[in-house]
Each structure stands twice: as C-alpha cells, then as structure tokens.
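The following blocks contain the structures, represented as structure tokens.
Look for subunit A in each of the two complexes below; its partner is subunit B in the first and subunit C in the second.
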Partner chain A sequence: MRQSFISQNPSVLWFLAALGLFTVVVTLMSEATGVGLISTSFVKTLGKTLCLCLIAIAMDVVWGYCGILSLGHFAFFGIGGYAIGMWLMYARTEAIVVPNLMAQTIPPTPQEISDAIGNQIFGVVGSAEFPMIWAFADSLFLQLLMVVLVPGLLALVFGWLAFRSRVTGVYLSILTQAMTLALSLYLFQNDSGLRGNNGLSGLQNIPGYEETSQAMISIVFLWGSALALALAYVFFAWVVSGKMGSVVKGIRDNEARVRFLGYHVESYKLFIFTITAIVSGIAGALYYPQAGIINPGELTPIASIYLAVWVAIGGRGRLYGAAIGAAFVSLLSSWFTGGGAPNINLGFYTIQWTDWWLVLLGVSFVAVTLFFPKGIGGLFDYLVRKPS
Partner chain B sequence: MSTLLEVDGVTVTFDGFRAINSLSIQFAPAELRAIIGPNGAGKTTFMDIVTGKTKPDEGHVIWGDRNISLLGMSESQIAREGIGRKFQKPTVFEAQTVRQNLAMALKNPRGPFAVLMHKKTPKNAERIEAIATEIGLIDQLARVAGELSHGQKQWLEIGMLLAQDPKLLLVDEPAAGMTVEEREKTTDILRRAAETRAVVVVEHDMEFVRRLGCKVTVLHEGSVLAEGSLDHVTSNQTVIDVYLGRSHA
Partner chain C sequence: MRYFVLAIALWLGTFVSAQAQELQGILQVHADEVAKPSRRSVSVALDDLVASGLPQTTTFLEEWSDRNVWQRNDGIFFIAREQGDDLTLTDVDTGEQSTASKDDFTQIRPNGGVRRVIGTALVQFQLSDPDLARRESAVDSIARSPETEQLAPLLASIDGETDSTLKARKIQLANFMSARFADETADRIAAIESLAKDTSVEARSVLNQILTTSEGVSATMPEGNIARILETGETPDAYYTQLVEAGLAPPRTPPQTIRAALEAHVVDGRVGQTPIAQLGTEEMREVAYSQLAAAGTVPPLVTIADRDAALSAHVFYEEYDESDTDITDAAAAALASVETRVAFAQAADLALDGLSLASIYFLAAIGLAITFGVMGVINMAHGEFIMMGAYTGYVVQLFIPDYTLSIIVALPLAFAITFGAGVTMERLVIRHLYHRPLETLLATFGISIALQQLAKNIFGTQARPLTSPGWLDGAWVISDVIQISYIRIAIFVLALLFLALILFVLKRTRLGLEVRAVTQNPGMAASMGINPDRINMLTFGLGSGIAGIAGVAIGLYAKVTSEMGADYIVQSFMTVVVGGVGNVWGTLAGASMIGFLQKGIEWLNPSNTLAAQTYMILFIILFIQFRPKGIVALKGRAAAD
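And then the complex of A and B:
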C-alpha cells in the first residue's frame, strides 16, 4: 500500500528530495559550520519560511481540497506560537531570577520566586500575578500539548458550530475572520494575561541552551521545521489521496451530492478543519522561536488573508503549489519591504517598494486568479505530461 | 403487496404556496413507477421530502420493513437507509475519474475514519467494473468525468446510484437531453434496476414514460390526480385537462 501511495504521488518524493537538499545546502553554507555564506539571521528567515510552507499546505488542504476558505488559520498559527512562547519566557525568566534570589542570605520561598518571575514577565502591563492560563507554563511537555490541543479544540468547537448550521462559502470565511479578529483584539488587551500588545519576547533564547550559539540554534530549528514540513506533507498527501481525497474534493465541488451519497459532510469538514488547525498550531510553535517575538499584531485577519493569497498564487489543490507559493511570496515580500529592492525613480515620482509592494502583491493576486488559476504550481503541468 | 415507502398526508407550504397538498403515495419493494405532472405539480418537492432536503409541515413518511419515519433524519442518514437520488441536471464529480466517482458511491462504511483507512480491494474493483459494464462505461473508467458526453454523465450518475445499492432509486428526468438511442439504453438500465428494487422516475417526456411501460402516477397541484397504466391515466378527462391539454395547446 505504501509503495502504491508513493508511486501514485511521485510529487511527494520530489518534494521531499528538494526539501532535504535545501536543508543540507543551507546547513553546509551556514555560520554554524563555519562557512558563513548564509548569515544566521537569513537561516532563521529560511527556517521561518519552512514554517510558512507548513501552514500553507494545511491551508491548501482545507481550502484547495475541501473548499473551505478559512480566514482563521493564522489565528491557530498564533495560538501555537503563544503556547510555546509562554514556556520559553517562563523558563528563561526563571533561569535568570532564581540564581539572583538564591544569592540572598535568606532563601526565597516558592511564592517569592513565583512573584519575582511574575514581576519580570508582567511588569510591562503593570501586573505581577500569574493569570490562570499560565498554570502550565513551567512544563515544556504540557505547553507542547497546548500547541496541539488549544488550536485543535478551538477548531473543533468552532467548526462544529459553523458546519452543523450549514454555514458555507463566503459566510464561513467571514465567520472565521470574525473569530480571528476577536482573538486578536482580545490579545491586544493588557489584562488578557499575555502581555497585551507587547506580546511575548526573547523567544529565540532557548532555556537550558544559554551556551549554545544562535547560529547552532538556528540550524536546529531549520531542521526541525524541515522535518515537520516533510512529515505533514506526507501525511496530507496521504489524506488527500485515495478515497478520503475523493470525498473531500467531492465536498468542494458539490457538497449536496456527497450528502445524498450518504456521507455525513459535516464530519468530514470538521475532520479536515481540525487537523489543519493542529498543523497550523505546530507551524506557529516552530516559527516564533525563530522570530524571537510574538505579539497580537501577528494574529490580525490580514495575516490569514496573506495565507490565502500565497496558496492562490502558488496553486490551489496541489500541496507543492501551496508550499512554493508561501516560500516565493513571503521571501519576495521580505525582499521588497526590507529595502532589498531598489526604488524606481520615475522623475516625477519615486516608487518606494516598502509602500508599493502591497499594491504589486494585490495586482499579482488578481492577475493570477484571472489568468493563471492554477498558480505557480500549474507550471509543472507543462513539465510533466500526464498520461491521459 | 408489501410497502417499501409510504408517504401519507404530506403537506409542504413555501411562503403560503402549497407545493405539496396532503399527498399520499405508496411504493412496493420492486417496482418501476413513473411520476408525471405539469410544472409546479410538486414532483421535485416530493423527492426533496423523501430524501430529507425539505421538511414537510404535516404528514408521515414511513420507510421499509421496520416502518421507521424518515422525517427528522438527515440527508446522509436517509441515503444510508437505502434511498438514492439522481438529480435533474447530471451531477457527477467532474474533476474525478469515472472509477473514483463510482468508488465514492459504492456501498461501504461512510464514516471519515473508515474512509481514511479505506483500502482498494479486488472485490470492490469487481463491483465497480460490473456497474461500469451495466451502464456502458467500462472503457471509460480512467477518464475524468468532466470529459464525458451529456448522456454518459447521466449514466454515470445512474451507475453511482446503483453502486450505492439502494432499495429505492429516485430518478429525476433521466432522459433529458438524450438522443433516441441513449434513451433506449437508459430505459433498459432502469428496467433492469427495477427487477430487484423500487425505481421511481420523474419525467416530462410521455414517449419515454410509454417506453418504460410501467404504472404511472399523475401529480397535480401537490397531490395525486390519477394512478394506473399510461393508457388509463391519459384517458382520464381531468388529466387531459390539466396536463396533456395544456402541453398540446
């Protein structure tokens, strides 16, 4: 069965080979091996890009294959980031605060330690108390569980409510966007328990590895991200192949017909919505330690719209298309907005790409939708002639 | 004669308009039946009620040996109970192959995890091939359904119905847009299917109904106007007035 799955989906092998090659080449050229052709900050950018590819393939499964245009998957991504960020911040603050307290003549009580950590973390929002949601922040294992459970449960409850009411199409998109906006607005509040608009910071410092260089840590995260992407790719490719893929694509193309065939459409949508939300959470948990900081601005609805744009430009309904779209557009975006692209002087007006990039992106999105509905991934159809 | 499906005193109102007006109709386990009637007679609404798409305001829909009520069941539950439906417009999954279309319809566990873990078996492949032979698409299994001709799509949809192995097939205008030869073939497929199960055909085309050679029920303004052989109902003066008279006018 395994063999037939690979032989029916040769693109999986190609993708894994390209991903493996990419990771090895980046590693060999990084500062960690002493070559230093690729700076540590760029290794982190590439690692983050792999995480964006990961959420993009999840988005492709839910949108490109199942037809649910979710504008909420970046919220799940952010939740994953916050969940791991809480542990990173707690453990790191603890590692700094406890030795200081121990140096005093009177040994500190557990309450004093907790207060001191709380003061350090929540001082910026004028508080020192640990909110309820930080109850498990001292346990890496439990916070890792949160990375999976919180997005998964939120998607399950939200999806159950939305799908059983038969909310579909643009209405569902609006609903998911409302969820994202509500979450983001909530997190912006100082008393949300997650430091308001300051967000969580210093996430690049991994507790217990203070002596390890960032060059090394960046490589470890690059490999972690690549591994997660590879596993998710194989998993999703397996889900959308075979009979499950048939049913899911059937739901995309004609939901009512699938229902009259005897399939409980809502269960399938819920399944797809939830597993993709979980993968999005995992992607976020890998992304933010590389970014170093997460704040509510990351969860605003525009982020989820970008995600849809990446998938559309890359090519809906094929996993490698989504991954290529996410990598291509997000890297191009940081090149344009990061001052990499030279400004164009027209004499009467200077096009500054930091301002005009969004216009370019918008125009490309419209152009791709109108003229190349298969996206960048569609170009591969010209290379590989499918036997008909 | 035992009853497979009994619709009893069903009424449906849409914004004050009675689409179905205390309709009562019965079907036997293995019979071929044609339902005719002018536009707006409630033919499609009748199918919507039986398949769970529309909930009636009044009345009962009783199904099978166990005499269970179909009201309150979801579309997918009703489909799993053994009622298959073919839509007026051929609705096959155009992006998928004929084989995938049939495989999706094939009677097998319908839960997400059963489907996720589903493995192709020689037995299923045999069933798919048998159905494809029946509907004359055995050479087209690998083709994408969107490439099929209109008639082939209609047959594929009938094939998907057969693959579901339902006890009752509701078929909405199967001959629409078909050539004469295609119609003949469709008649044969439906007649053979009706040997082992109930097949209910909603049709406008009297010639096609005549070819089916079965009991006919005439609907008018949401209730049964006449029932019997085609010759019997077409000689009924009321039927001539409301339906035939109008269509020949």
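And then the complex of A and C:
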C-alpha cells in the first residue's frame, strides 16, 4: 500500500528530500551552530515561511482540489496563533509576576496572583479582569487543544451551515470573507478579551526557556515547522490521491454529477474544509511564536486573499506548487517591501519598490491568472515530460 | 392733528425730564447700598429703582454692573469713563457730559454676587426693551438659568410683546417656569400637563428637573415624597459604602488592609498562632485577622454576613427634591407621555438614518449587481472604481474652485472615467476568464490591489477632501429629535434617480432588452442576433460608471482615501448577495435590509459600532443559510448556475 502511494506520488519524496536538505543546511549555517552565515532573524523568516507553506498547501487542498475558494483560512491561522499566544503570554507574565509576589512578607492568595497577571496583560485595554475565554490559558495542553478545536469547530459549524444550504462558488467565497471580516472586527474591539488592536505580544519568549538563546529557539521552531509541513504534506498527498481524492476532485469539476453518482458531497466538502482549517490553525500556532506578535490586523480579509494569490501563483491542484508559491511570493514580498530591492532611476522618476511592489504583484497576479493558470508549479511539467 | 401729536411728545419729553431728577434722588436715598453694595442690602435699593420705572434705570444698572459708576466726594453718582487721570462724566439723569479729575471720585465695584442680583433686576427692563435683540438676549439668559423671581416680570412682559416669534417663545418659557416655580400647585400641575405634548429637549429637562431625586438611607421607613425604595441585592458593596459614609456602619476591611495589618503584625514568622506560609488564601487571612481583632490590636473585621445584616437593617431610597406628591406624580406622568412621543420620534429618526445608509449601499452596490447579475462576474475592483470616482471629484475641485460647478462637472466625468476603466478591464482581462468565475474574482482582486497602491503612490496616504457645495451644508431639523443632513438627502435623491434611470435603461431601451436577454440565456440571445460580447462590455462599463458616481457621492460625506473602496466592497457584496442576483429590486431590498439592520443594531448598542458590524455580518451569514439565492431570487432557467 505504502509502496503504491509513493509511486503514485513521486513528488512526495522529492518534496520531503528538498525540505529536509533545506532545514539541515539552514541549521548548519545558522548562528546556533556558530557559523552565523544566516542571521537569527532570517532563520525566523524562513521558519515563518515554512508555516505559510503549510497553510498554503491546506488552502490548495480546499481550493485547488475541492474547488472551494475559501477566503477565510487565514482567520483559522490567526485563531491558532491567538490560542497559543494566550498561553505564551499568560505563562510568561506569570513567570515574571509570581516571584515578585512571593518575595513579599506574606504569600499571595490565588486571587492576588490572578489580579496581578490580569493587570499586566489587560492594563493596556483598561481592565484587570480575566475574560471567560482565558479560562484555560494557564494550561499549555488545553491551549494546544484549542489550537485544533476552535478552528476545527468553527469550520465544522460554518461549513455545515453553508454546504447544507448548497451555497457554492462565489457566494461561498463572499460568505467566508464575511466570516473573516466579522472575526477581525470582533477582535479589534477592546472588550473582545484579547487586548483589542494591541493584540498579543512578546510571544517569542518561550516560558521555561528564558535562558535559551533566540538563535537556538529559532532553530527549534524551524525544525518544528518543517516537521509539521512534512507531515501535513504526506497526509494531504494521501488524502488527495486515493479513492477519496478522486471524489474530491470530482466535486471540484462537477459537483452535481458526483452527487448524482450517489456520493454525499456535503460530507466530503465538510471533511476537507474542517481538516484544512485545523491544519491552518496549527500553522498559525507555529507561526506566531516566531513572529512574536499577533494582532487583529493579521486576520483581515485581505490576508486570506493573499493566501489565494500565493496558491494561484504557485500553481493550484499540486501541493508542491502551493508551497513554492507561498515561499516565493512571501519571501519576494519581504525582499521588496523591506527595501532589499534596488530602486530604479528612470531619470524623471525613481521607482521605489516599497511603493510599487504591490502594483507589480497585482499586475503579475493578473498575468499569471490569464496566461499561466498552472502557475510556477506548471514549470515542473516541462521537466517531467516534454511539452507536446 | 400733527401739531397735536407733536405737542403731546413735547409734553411727554418735559415730563420725563422733570421726573428725571428723581433717579439721582433715589440713589441718594440708598447712597450707602449703592456705594458699597452687598448681596443682601442691594435688593432694597434695586426694588426702589425698579419701582420708579424710570427709563434711564436700565442704562444705570448696566453701567453699575460693569463698574462704570463713580461717586463724587459730595455723594453724587456719575457714570464715568477713565481717560488717563481724568474722568469723562455722564450725568445719570440728563446725560450731560463733563470732565473732572479722578482724585475727587471713588469707583464703585460691585462684587460677583451683587452683579448677579443686578443682572436679575436688569432682565425685567430688558424684557420690555424697545430693541428686539435685547429682548431676545434677555429671554435667552432667563432660559439658560431660570429663577423664581424672573417668572413674574416674564409673565408681565408677554402682553406688551410685539414680535410674534418672541412672544411665542416667551409664552413657552413662562410655561416652563410656571411648571417649576408657580406659587399655586394647580398652576404648576396645569403647566406640567401642558408639557406632556412637548418633545423639545428644553421641556424634557424642565420635567427632569422637577423630578430630580437624591438618595438617602435610614433605619426606618422614611417620610416625605419617596420616588422608590432601592434593592441592595445587585451591588451590596456600593450600598454598604453609602452606609459607611452616612456613619451608620463601620467601614469594611478591604483585602489590602487585611494584608497590610497582617504584615505589620508578623512575629517570628507567625501572625498570632498562624505561620505566614499558611496565609496564601483569603480564608486563612481573615481567620488570622479575626484573631488579631479579638486580641484588640486591629479594628474588628466586618464579614460578608455583617455587611448583609447591616444592609437589611436599613432602607435605601430615592427621595424627590420636590415635596408635593401631586406635582411629582403629574410630572412623572407627563414625562412618561413625552418619552413615548420621543421614542416614536427617535424611531422615525432612526428610520431616516437607515434610509440614508441604505441609499449609500444601494449606490455602491447597484453597479456590482448589474455586472454580477448579467455576467456572473464578481468584480473585486469595484471598490477601487468607487475610489477612482471620488478622486476624480477631488481632482476636478483642484481645477474648478466653485464647489457647485465642480460637482456638476465631476459627476459625468467620474462616470466617463470609470466607464472607460471598466471597459478596458473587461476587454483586457475579464473577457478571457468567462466561465471561470473564481478566477475572475482573483484576477480582479489583483487589479484591485494594483489600483489601490497606484492611488496611494499618486495621491499619498492622507485623506483628501471633497468639499460639498455650501447649499448642502447643515441639516433639515424637523424637531429636536429628528434631523437629517442635506447631504444625506442629496444622496437619497441621487439613489432614487439612479434607481429610476437603471430601471428605465433595463426595461425601456434596446440596450436593456439585449442585456436582459443575455442575462437569461447568452446562447439563445446570440442566436437572435445579439452580440453578447458587446453587451457584456457595455454592461461592465455601465456598472463601473455607476460606481464612479457613487464614489463622488460617498466622497462628499466621507474622506477620500485610497482605501475607501475596500471599506465598501464587503458591504456591497453583502447587499448583492442578500438581495439576490440579477435584479435591481433585489439590490434595493438588500441595501434597505442591510442599511436598516445596521442602524438598528447600532441603536441597540450605540457605544460600539465594531460590534454592530460584527453582529450584522453574522446575521447575514445566517440569513444566507435560509435564502441562499437572496431575497428576490430568480426563478426558472435563469436561476441555474
């Protein structure tokens, strides 16, 4: 069985080999091993890029294979980030606050500890009370469960409602976009219980590992992200390759026909939608400790659309294409907007890429949609077999 | 006859001048009170001055209040202006001017309290002043801070009032004041009952002032005009604080005080008998504190049970400041009736707000609805066409300084420019992506981010003004509660015009016929000799052009920024999806629903517009579950995907 799976999907081995090689090389050249050819902040950027690849392949499964253009997967990504961020922030504040309280004459009561932590965390939004949603923030295990459960349940309920009433196509896209907008608007409020537009910060400090250098932590997260990406890649490759994969692709190509063949289309769509949402949540949980900060601005509908852009540029309907697209566009984007690209002096006008990058991205995106619907991944077709 | 009148006037003149000697006389009678006025003593002098009815009294009182009255050493009062070391004197009666050295004079400086008393006396004169502006300002000053003694002069001045508007205002004000200050209870109740139909802010504040209450606490059931008895269940601690402040109970010991007291009494690692390591809970701390209290070292602990016992032993109440029950009952009844009327007025106001928001959404969405309905294409760049329209308006205003003219130029120009942009986009991009709706969505999104960034590069990130013509400033005020700004009325009219125009184009023209044919069945339409390509292009241009005009309209009341389109795009999608695709009436229904709904939710939760938007979107998501094809769903073959 395993033999046939690999032979069906030769790309899996190639992808895993490339990913492994990449991770090892980056590790060897990082500051953690003392070589220092790659700075810690760039290791973090690469680690974050791997997380973006992870959500991109999830997006590819739901859009490229199942034909559901979800403009809400970045919301799941953000939820994952918030879930892990709550624990990171709580545990870190606790680690700072409790020794202070313990140093006083009388040992603190649980209420005093909770008040002090609450004051630290929610002082910026003028509150000191712990909202209900922070009930499990002191437990890493429960918050990790949240990373999986909250996006999963949200996707399940939303998907069940939407698919049940046969909302399809652009309607579904708009609806998922509305969901994302509602979520980000909610988080922007100060009384959302998640610090409003301040978001959660200081997430790069891992409680219990205060002594460990950021260089080391960045490598650990790089490996964590790479491992998650590898596992998800194999899992999704398996999902889309078997009999189930055929049904899913059938739904993409002609939903009505699959339904008439006797398949319960809604269940398949719901499964794909939910499982990809969960993977998105995990990707977010790995991404934000590397980014260090999460705020509602990250969850706005535009982020989910960019996700679709990455997948489209990378090439839909092939997992490695999505991963390549996400890595390529996001790295290129940070190169251009970070001032890495040289400005072009036309004599009468200087093109500054920080200003013009989005114009270039927009136009090239239109060009890709029009002329290269297979995206970057399409180039591999030329390598494998000669163009006819 | 003419001579006769003249004679009378002359006679009156001599009469006045004959009497005129008397103001100085009155002043001399009260020389001490005038020269060194105090709040208590001045009223005697004022009463006599007022009673004299002399016309020059007004001027004198004003000058007195402004510290322009000086007293000569021999006791005579003058109105005087300082000029270096000299004074320009004016006789209080004759108005004769003279100059004298300052040395022989003392300035009279009434303090603030006296000036207020003088001001009150002045009001009576000003109320019947021949100058209309003075009378109006007197009425306004009474309205700002009504006092008991002003009621009588106000009532007296009503009959002689010549200006009808001011007379009505005086009657209204007198009514308000009677409700509060009239001597007879029956008069007050009558005045209060007449206020029951008045929804103005002033009338409501009069009623509220009659109904002001103060909180009190006592051990027994209180006497007096009690508004209500308060329940202590909700916030016992706040009520207990009230008890403590009234000196009826010992203060509670907050956790910090307990903690401080315990810390202060640590002996050998113990507080009393308790080791400090055990003091990590509230209960243990209270136990240890009670032990300290029993030993007499700290004040006794007031436990929750003590607090509740103290609370139940007392009655908390709100008492009306007005002692007469009949009046407070009448006022409460009048206020209830006013509030019902205000609630209706607010509902009407809310409906107007909803209507104007609905017309904005309609304008923003109708272009989208046309392209979506006819071509099945979602244009994510629609918001950017709105933005282009708004920037067109801004640029036009740079060249044409006259705001009215510039708007008249900007509207068709915005249409032309966005029409052109739409047609270009259709030719270059969308034409190649028919039958791939999801990819159209993404391609137009690419165009959208490029256009947005382009606008940012050209116009900068800060908001640009699009100024509306002067005649659109201000608001149509129907009552104190209901008002709507002219610009919103203009947008509403514009929306109506477009509704009519689009209906006309679709139902009454050749183009509309062809558009409807292509909407229903492109293949069949093509076989009938209609060129679907051309229709698509024109439809897309039309939809984009309307977006441009909507942009000018939206820019007039909101700021023009590169991101303004993005603010409206999701709402526009919602409008189209909720309303139902391919139908002008559907878009109208969708816009109305979303507009009214948003205003309604904002009214329920006015402090938080973000929450209102969140709930609205959630509602729309649920709504789509029950009507996936929108309010006005197409039927038959046209409805097939």
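Basically, the second predicted complex is superposed on the first by the 385 of 388 C-alpha atoms of A that agree within 3 Å, B and C clash if a C-alpha of one lies under 4 Å from a C-alpha of the other, contacts with A are read in each partner's own complex, and residues count from 1 in each chain.
By definition in this document, a residue touches a chain if its C-beta (ideal position, glycine included) is under 8 Å from a C-beta of that chain, and two chains touch if they have at least 3 such contacts.
Predicted, not measured: the structure shown is a model, and the values here were computed from it.
S.K.: Who wins on subunit A residues touched, subunit B or subunit C?
M.R.: Between subunit B and subunit C, the winner on subunit A residue contacts is C.
S.K.: After lining up the shared chain so the two structures overlap, which partner does A:Trp14 touch, if you call subunit B first and subunit C second: first, second, both or neither?
M.R.: In the superposed model, A:Trp14 contacts neither subunit B nor subunit C.
S.K.: Of the partners subunit B and subunit C, which touch A:Val247 in the superposed model: first, second, both, neither?
M.R.: Once the two structures are laid over each other on A, A:Val247 reaches subunit B alone.
S.K.: Taking the superposition on A as described, I'd like to know which of subunit B and subunit C A:Val239 touches: first, second, both or neither.
M.R.: Touch status of A:Val239: first partner only.
S.K.: After lining up the shared chain so the two structures overlap, which partner does A:Leu370 touch, if you call subunit B first and subunit C second: first, second, both or neither?
M.R.: second
S.K.: Report for A:Phe188: first if it touches subunit B alone, second if subunit C alone, otherwise both or neither.
M.R.: Only subunit C is touched by A:Phe188; subunit B is not.
S.K.: Just subunit B (first), just subunit C (second), both, or neither: which does A:Phe271 touch?
M.R.: first
S.K.: Residues of subunit A that sit at the subunit B interface in one complex and at the subunit C interface in the other, please.
M.R.: Overlap of subunit B and subunit C footprints on subunit A: empty.
S.K.: Can you list the subunit B residues touching subunit A in their complex?
M.R.: 51, 53, 74-77, 79-80, 84-85, 87, 91, 93-96, 100, 103-105, 110-112, 115-116, 118-120, 160, 164
S.K.: Show me the residue ranges of subunit A that touch subunit C in the complex, using the header's touch definition.
M.R.: Listed in rising order, the residues are 67, 69, 104-112, 158, 161-162, 164-171, 173-175, 177-179, 181-182, 185-186, 188-189, 191, 301-302, 305, 308-309, 312, 355-359, 361-366, 369-370, 373.
S.K.: Spell out the part of subunit A that touches subunit B in their complex, as residue ranges.
M.R.: So the residues of subunit A in touch with subunit B come to 1, 239, 242-244, 246-247, 249-250, 253-254, 256-265, 267-268, 271.
S.K.: Mind listing the subunit C positions that touch subunit A in their complex?
M.R.: The contact residues of subunit C facing subunit A are 255, 259, 262-263, 266, 276-277, 279-282, 285, 378, 429, 432-433, 437-439, 441-443, 445-454, 456-457, 566, 570, 573-574, 577, 608, 610-611, 613-614, 617-618, 620-622, 624-626, 628, 641.
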